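This is the structure I want to talk about, given as structure tokens.
Chains here go by letter, A, B and C, matching the order in which they are written, and residues are numbered from 1 within each.
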Amino acid sequence: MSEFLQHIANTLILGGTYALLGIGLTLIFGIMRVVNFTHGELYTFGAYFVFLISSVLGLNFLLALPVAIIAGLVLGALIELLLLRPMRGADIDTTMLVMIGAMIVMQNSEQLVWGGVAKSVSTPFPETPLVIGPVSVSYLRVFVLVMALLLIAATYVLINRTKLGKAMRATFQDRDTAALMGVNVRAIYTATFAIGSSLAAAAGALLGPAYVISPHMGDIASLKAFAIVILGGLGNITGAAIGGFILALAEELGAGYVSSGYRDAMGFLIIIAVLLIKPTGLFARAERIG
Amino acid sequence: MTAIVPALTIEHVAVHFGGLVAIADMNFVVNGGELLSLIGPNGAGKTTAFNVITGFLKPSKGEVRYRGTSLNGLKPHQVASLGLVRTFQRTSVFRAHSVFDNVLTGLHLSGRSNLLDTLLRLPRERASEQELHDAAWEILTLVGIDKQAHELAGALPYGDQRLLGVALALAAKPSMLLLDEPVSGMNASETGRFMRLLAKLRDRGMTILLVEHDMPMVMGVSDRIVVLNYGRIIAEGPPAAIREDPEVIRAYLGQAGAKRAAHA
Amino acid sequence: MRRFVPVIVVALLATVPLWLGDPYILNAFITTGIFTIAAMSLNLLLGYTGQLSLGHVAFFGIGAYVSALTALGFDVELFDGFHVVHEPWPVIYGFILAIVIAGLCGYLVGKLSFRVRGAYFVIVTISFAEVVRLVALNWVELTQGPLALTNIPPVTLGLPGIGYANLYGKTGNYYLVLGVGVIAYVVIKHLVQSRIGRAMIALKENESLALSVGINVTRYLVLAAIVSAAIAGAAGSLYAHYLRIIDPDIFLFLYTVTMVIMVITGGKGTLAGPVVGGALFGAIPVIVRSFAAPEVQWILYGAFMIAIIFVLPQGIVPAIERWFAPRPSKKQLVASQSSVSAE
């Protein structure tokens, strides 16, 4: 039982970050119909940013997260402007291939800059874990969960309470009508991709210090994000949030009770199962966001 | 005149899209060798009926039978292989291919080589291909677009593209042809050409279900007409009777027409 | 004239070992050839049926593992006390089994995943490849996991009674790859220039219209997946017996990407496309390695891929064809007519 509680605690911590990753991708997938293979690279980018700020430059660890988020926004906007905007009107497969090209360039650039050896980040949090009954969690991971939940909440507010969010929702429902209503669809696309990318960078910035940072950490992150998006239904933010926790739970239980080697297989098995049984996702309300 | 045999039977077919009723309760029969027209205002459910008959859409209720075989649950390609072949309302050809290759593709069901013949290009494959080539020329000549055989389908003038659509359908060796607004957008001479083709097909004993807006044409070629409005059949009969039917006139001319009729 | 181009190319390729002294370059030719075969098989799905399968490396890797394990033998305990023991078989059986089992996997994946299309299909295929990779990594008893399968025997050629020759050397492997490549090319050519191929192209261009003339869309998609997977399996088998060592990295997404880049760059849906793309992306590492790290090579791959999609979205081969034949429609037709009468 105590082992199970520990798994649940781990699930919550992992799930919060997965939810961030998934929400970022589902925004992009839902609004722009772009299968974003660079998502995992933004995640890696965020993680390396924390390494750069706190380990290389020796600045405050707490400064790293907001800087990584801003850097993710900028990089996301650049990708959209340089690669996706000229591709508007191309079919989904063609855009996907461009994004794969971008993914390869980004991943190998990271490897070129940082080398292939995994890095770890030292944090200001105490080494001794926080022990609550049978469950023990490091302070860093509590921080990760709290920040992830805060960012999820911020995204909700952004989508549901702001003018930009309203325009994004309108674009999601019907691009042409939104354009007629005066929404600057091009700007919304750029904003969507930038926000989605910054969420991925935030996820990387949070989870990176909790594990180790390597150039290839993005591969699996992209695919996990796809799993979460598919689980939650295309463009469904709540679905993606729940999907993040479900994937985390499946991985924890799979690793804990089946075999740790198959931890990463859980996401793919979920993808295959969901698409074959209910292709619209478990929480299908593909018609709206939020 | 041979005995009248029902070819296509539509019984109590209903189609609902969510809460929307596209077809309420449709019943009609197309007899073998007959040309039956399905008419009605826009949104009356004609194309929906086509989609149900040819397996592109599952009816919410009811049954469609072709020569005694129930079509319920059959996929479009299975319906086609039974000899029931449709054309599409929007111009539908393989645009990036030559006219000839289009028809060759349409002849799919006539091929008789198997995978092994194909992979090794055995004599049977070559013989089958030769037959298909001959058959393609025959169809192009019948439809009257053999001179354009070498041209790209997407580059044909509009009327010829519509004819190619019919040629594609004919290539599937139909015993019954369903034509969805075949002359819409054609000019007078193209329509004339099409009507001559229709006459040729009828001479060969083809059963035809026609959906069309061009009233002079419908009145000219149909044996019988079924009139659909808001998903219901409101009239059925030979052209002369349909022309006089007050409900048809009301449906077609709408409020304005009814007023005009009242004033007259 | 165009009909002789492939013959001339094969004749020229056949002379390569006669004048090429550098074993490194010959090695590059062999691995490029193997990946070109895989790219040709991917082109059948991607180019002709229009389905972007990004899990293609799974079939390649399955072919490699099946072939290697058939030749090496294994002893696996499935559950308590129940062993599956396989004694080593000659390599040729491994090659055949690789084709059959990869084809079978193609059938299963096709049957299941063609229920979803577009982005979902892509993600299902990637997931399939990742699951297979994780199995190869974790089923250590069978695959040695990350320790790799080593000492895989080379291909043996020969006839009973006459004698056998082991293809340890590069020259032998080169001709083997060339031979399999030619066979794969001819098989794909026969397939796509037939009624079956027309059905595949038709369902890519206009699925409703294809259905309306009686083409069973699912059937031809699955058929394409089977043939495509089987050829990829053959390529994987060649790879295993040439390198003589394989590990789970054979399933890396980057290998799928390599095949995709070859197809897209050369021209998807053309017979020559994957060959041209394969040659190009086989040459890049050879040229680049003298002055740059592997990461730079990959960055160039990625940048090249983006550039091609922006500049030549149809790929190189269609661009060349357009250059030489301003009215391709007529030529194509004459070619397709004469292909029947001339043979």
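Note that a residue touches a chain if its C-beta (ideal position, glycine included) is under 8 Å from a C-beta of that chain, and two chains touch if they have at least 3 such contacts.
None of the values given here were measured: they were computed from a predicted structure.
Colleague: Which chain has its C-alpha centre closest to the mean of all protein C-alpha atoms shown?
Modeller: Minimum centroid-to-centroid distance belongs to C.
Colleague: Report back the single chain whose CA centre is most distant from the CA centre of chain C.
Modeller: Following the centroid criterion, the farthest chain would be B.
Colleague: Measuring centre to centre with CA averages, how many angstrom lie between chain B and chain C?
Modeller: Distance between chain centres: 42 Å.
Colleague: State, to the nearest whole Å, the distance from the C-alpha centre of chain A to the C-alpha centre of chain C.
Modeller: 33
Colleague: Can you give the whole-Å distance between the Cα centres of chain A and chain B?
Modeller: Whole-Å distance between the two chain centres: 50.
Colleague: Would you tell me which residues of chain C are touching chain A in their complex?
Modeller: 52, 112-113, 115-116, 118-120, 122-124, 126-128, 130-131, 134-135, 137-138, 253-254, 257, 260, 264, 293, 295-296, 298-299, 301-306, 309-310, 313
Colleague: Can you check the complex and tell me which residues of chain B touch chain C?
Modeller: 54, 56, 75-78, 80-81, 85-88, 92-98, 100-101, 104-109, 111, 113, 115, 118-121, 125-126, 128-130, 132-133, 149-152, 155, 168-169, 171-172
Colleague: Chain B touches which residues of chain C in the complex?
Modeller: 187, 190-191, 194-196, 198-199, 201-202, 205-206, 208-217, 223, 329-330, 332-334, 336-337, 340-341, 343
Colleague: In the complex formed with chain C, which residues of chain A make contact?
Modeller: 29, 33, 35, 83, 86, 90, 92-94, 96-98, 100-105, 107-109, 111-112, 219, 223, 226-227, 230, 259, 261-262, 264-265, 267-269, 271-272, 275-276, 279
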